[in-house]
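Same chain, two partners: subunit A is paired with subunit B first, then with subunit C.
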Partner chain A sequence: MTQRVFRTICCGILGTVFVVGLFAQGFTHYPYALQFREFPNAAPSSMHLLGTDGLGRDFFARVIYGTRVSLLLAPAAALLATAIAAVLGGVAGLRGGWLETLILATADLSMSLPLLFVLIALRAFLPLDVSPVLSVVATFVTLGLLGWPSSLRLVCAASRNLRQSDHLLLARATGYSNSQMLFRQVIPHLRPIFLAQFWISIPLFILTEATLSMLGLGVMEPLPSWGNLLRGSEDFSAMSANPWRLVPLFLLVLTVICFQFVLPSSEELT
Partner chain B sequence: MIHWIRKLGQKFALLTALAIVGALLCATMIRFAPGYGMDERELNPGLSQVSRDAIRSEYGTGESLISYYDHYLRSLLHGDLGTSVFLRRPVTELLKERAPLTAKTVSLGLLTAWIAASGLALLTIRFPSWILGHSATTLTGLLIALPTAVIALVFVLLRAPVFLGIAVVTFPKLFRYQQNLLAQAHAQPFVFAAQARGLTRNRILFRHVVPSVWPMLVALLGVSSSMAFGAAIPLEALSDSSGVGQLAWQAALNRDLPLLTSITLFVTLVTVGVNFVADATQERRL
Partner chain C sequence: MWGYLRIALLFILGCTTATRGGEEPSELHFCLHGEPKTFNPILVDDEASENIRYLTGGVLIRVNRQTQAMEPGLAESWKVSKDGRTITFQLRKGLYFSDGTPFSSEDVAHTMRSLMDPQTHSATGDAFRSGPGTIEVQTPSADVVVVRFPAPVAGLERLFDQVAILSSKSPKKEMSVLGPYYVSEYKAGSYVLLRRNPNYWKHDARGNPLPYIEIIRLDIQRNRDIELMRFRRGELQLINRVDAEQFERLQKENPAVARNAGTGLDGEEMWFNQTSSPTLQEYKRKWFQQTEFRRAVSMAINRVDLSRVVFDGFATPAFGPVSPSNQFWFNSSLPAPKHDLQGAQALLSRAGFRLEGGNLKDPAGNRVEFTLITNSGNTAREKMATMIQQDLAELGISMKVVTLDFPSLIERITRTFDYDACLLGLVNTDLDPNGQLTVWLSSGENHQWNPNEKTPATAWEAEIDRLMREQASLSNEKLRKAKFDRVQEIVAEQQPFIYLVNKNALSAVSAEVVGASPVALNPQVFWNIDTLRLNNSREVGAKQ
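And now, the complex of A and B:
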């Protein structure tokens, strides 16, 4: 019962944050890059709800638009990672043999790679004058391309179980090709697993993006994200004088905690 | 025994293949990265054409791709990982200088995280109570929800050692995994049979439940090492600790590709090597 109530509350919070991010223009009338040069580092007021940053930009607007970047692109990266896991895991489980061994070995090796090292290495190959929008896309595409191995093992095990099922034998007997079997039988059948893996990947990607952006290797200025809004947090005296600058961190932690409650537990997954 | 040795041989061959493929991939990435072969020294108007040609030949822009790979792999075999563009020093020298510190902090951090996670997981299974279970879940849930860079900043503020930061980052994931494993094993029929025979709770836990999950815990050791190395980047970068993590961050910010790819290859081989040892130990036990 308590679990159910918590889940409902968390779903409500997540829904609200998503809606605010999606319809950012409706919640603030300032563009995220508009500078009020006469009010740098201003305190919260009726004009600027969370004050302004060092360049005089409205911090509330930046938080709202940052929510859009972090919360809408993390699901896109999760979708990419889940799609790769679905196709590779489905093929591995369905075909078996050397192909399964090869795909699983690749996944095992990828899982043992330190993700952040590989991410910053790939990220550094982009030219220095990359546009902010391209930096966002590159960050999340890289996350998506590197985030599939953990989901793949689960998908592969499930499609392996499915390989011997009656309806798949029937489909094979009626002349389905391997790709038809994969896209018409296996993938629709494993939809709950994909959905669970998709939800699990989102908070992971939000956190990784935040760390990358805080290190200056993620989303580039002037585009805001929760991570790059926290970049100035190493200046502790400024932070203690302006505690409202921690709002992006609060939102990030709240969102990830809500995801933890909303996500199915391991017992439910099995 | 023969089967185990054969399996070990296969894994070793895989590790060697990975090293070669990884090295070739690194070489390709450096060769085709934007700006490869460009050196700001060439902008010096006082340089003669001979000097400019000499600078260009340092990068080997004129040679074919095959001879470039050949040159790269030969240098790698002789322990020459190239020269850092940003620091203008041999990469091998930089790694020799910084690797011991990172190895020490990662090992200490992992040890601390494993002791804390195992201890807490065993406590929650041995003394099941609502308060203990929920406190542990809340604590680990909160720590999982914090980005590693934020944990690093808190540690800078507290002036705490970097290894504790690594422990804090890896502890919640280790705890959750271990607690799940132990809880699943504790719900198996053999535990009920042991209880029915009158065995004490400690004896059931330490003599039956823990040994049954041991192979999975050994496998976790390998995964946790890559988690700890990943955490070392933000922690060392923000705490100004001169380890490999900080070097990788500086290399990424300065687009020092030879240094960055060499570090990534080095760390990857270390973590894959740890996984290899963990797998071999696990298979030996099985």
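And now, the complex of A and C:
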């Protein structure tokens, strides 16, 4: 009962955050990039609900537009990573043999690469004249393309168990074709794992984007994201003087907690 | 009775003597912002090593950082020949290195030979290389040295401010020094401990030996926030170079410790890629090579806003390649940079650009858009780039900002030339324009907008080449100044670099430190290290 209530509350919070991000224009009349240079670092007021940043940009507008960037693209990257993990992990687990060894070795190799340095190197190779929107999409696609190996190992282990299970043997004996086996037996059995991996990856990608932005390599200015908004929190004394600047951090923590609560429990998975 | 009293008196005296003897020697703490790469003064090419060289090295001539005038150091006097090729030093007598080795003209000769040896690859030595050939050093006596260069060296005396004299005889080699301190301990990645050189030649007006402070501990600390936190806690007494945001907060907390020495030598600038790189589209190259385009961009940038918003007012709009704090070489007749949108629009329309639906288009109909690159992690530069983006949007120019890690950025601006425009800072350590020769000569590697040109690409670059070569071959400072003033005028007209701001020289000095008077020149806060004192501690001067 308690868990269900928590889950409902978390879904409500996530839904609200998503809606505000998606329809940002309806919640603020300030463009996120407009600089009010006479009022840099202003405190919250009726004109600027969360004050302004160092360049005089409305901080509330930047937070809700930043929500859009982080909360729409992180699930997309998570979907991509989970899809890659599902296909490769499924094939490796169900086929076994040299193919499984090869795929697992590739996953191990990918996991041993320092993700941050790979992202920095990839960013350096991107053409310079891409728009900020395209750049942010490229960042999240890269995250999705590099974020599959840990999910893959889990999917592969589950598929291997499934391959040796009695009901798959029975289905094969009944004369199911490969596609029937895949859609009627394999995918329904692995769906909870796919879902869990998808939900786990979202906060992970939000945090990775935040880290990249902290390094100045994430979402390009003037486009806001939770990550680049959090860059101001590097300086603790500045933050303690302007605590409202911690709103993106609060939203990030709240969202990550909510994602954890809406995840299916281990009992549900089994 | 008297016996007990005598014992008691002796005990009290003994206690007093023990307390005095147990006093901590005066110790000054501040930070180096990187690992010193070398303690050999002739190999210095990084800021941390340069600071160590300043604190430990004895030089023949010292540039006074406050007056910017030259003062005698190890040389009592000097004379430069009319042709600017020979300098004769009269050395001080009876001086010793920190390890007790006597100082003589042989040491100067040894230093100059080592410095100019091509195998040494000394950046300091490169400044003396004005022409092909080798230097000749003669030592007619133990206190006279004559150094003859193959070609005239402009501003020759000032260059000796960077030449710390090495001992030719000491077994300690470069660790034996003639400056106020010597390196006593070094723990890589942690600290450098300097102790007072007992053989330092300088004395104060009352005849007390200098420096006053016994020990300097230089902690190696790259993180500026941690440095500031330690300063606030009283663990550090100085911070050399505080950024504007930190300075403002420090000023609010304790105005006495925040020291603003006014406009510094360092500047921030942007430039357009004018190279013939195949990665740059032809129509963009045409814009970037047009003087009207560059001037229009320059006029559209609101430098006053950049100074006020990004640097909290601790910067001044930049005029040109020389900061106003460089008293002699700054050309004060240059026009002040103006934010003039209408003027910029007029220049662009004269060059055939037109505004269509809020977008600027060139005569061929291409939309004017380009990318500005800068190094990631530098918040001030990222803010400046974002403000320039909004300023140029008012002209209908679409500018994208891309931050790159430093090695990728350097690769693009020096090797692949795959970029449109770049925003970076210029760190000026040398007051003399000869230090900027590789920037202004069209054949120079640091001629950033179009490096290593075989022949000057434009008439104005050819004129700059001629003027820079002429000033470098003259020994008359007034004539040199006239030539370099003209260079500054051409740069202001042509805007190959769009100078943005000159940052103020900001520092922090604890109330414990007496005698600090930070200046714009490096090292801003400890340039007069030998006369600094610490409150409430045992110093050499205090003992007298």
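What to note about this one:
One rule holds for everything that comes next: the second predicted complex is superposed on the first by the 228 of 270 C-alpha atoms of A that agree within 3 Å, B and C clash if a C-alpha of one lies under 4 Å from a C-alpha of the other, contacts with A are read in each partner's own complex, and residues count from 1 in each chain.
Here is the rule we use: a residue touches a chain if its C-beta (ideal position, glycine included) is under 8 Å from a C-beta of that chain, and two chains touch if they have at least 3 such contacts.
Since this is a predicted model, take the numbers as computed values, not measurements.
Of the two partner chains, subunit C is the only one touched by A:33; subunit B is not. Contacts of A:211 after superposition on the shared chain: subunit B is touched, whereas subunit C is not. When the shared chain is aligned, subunit C comes close enough to touch A:54, but subunit B does not. Of the two partner chains, neither subunit B nor subunit C is touched by A:164.
Taking subunit A as the reference chain, the count of touched residues is higher for B when subunit B and subunit C are set side by side.
Applying the stated contact rule after C-alpha superposition, one finds that A:118 touches subunit B and leaves subunit C untouched.
In the superposed model, A:132 lies in contact with subunit C only, and not with subunit B.
In the superposition on chain A, A:221 makes contact with subunit C only, while subunit B stays out of contact range. With both structures placed on the common chain, the touch criterion links A:46 to neither subunit B nor subunit C. After overlaying the two complexes on the shared chain, residue contacts for A:174 are found with neither subunit B nor subunit C. Overlaid on A, the two complexes show subunit B and subunit C touching the same residues of subunit A, namely 120, 123-124, 128, 215-217, 234, 236. On the side of subunit C, the complex with subunit A involves touching residues 225, 228, 245-246, 249, 305, 308-310, 369-371, 373, 376-379, 382-383, 385-387, 389-390, 400-405, 408, 418-420. Of all residues in subunit A, those touching subunit B in their complex are 105, 108-109, 111-118, 120-121, 123-128, 203, 207, 210-211, 214-217, 227, 230, 233-234, 236, 249, 252-253, 256-257, 260, 266.
Residues of subunit A touching subunit C in their complex: 33-35, 37, 40, 54-56, 120, 123-124, 128-132, 135, 215-217, 220-222, 231, 234-238, 241.
Within the complex formed with subunit A, the residues of subunit B that make contact are 14, 18, 29, 33-35, 141-142, 144-150, 153, 156-157, 180, 222-223, 226-227, 229-231, 233-234, 237-238, 248-249, 251-253, 255, 257, 260-261, 263-264, 267-268, 271-272, 274-275.
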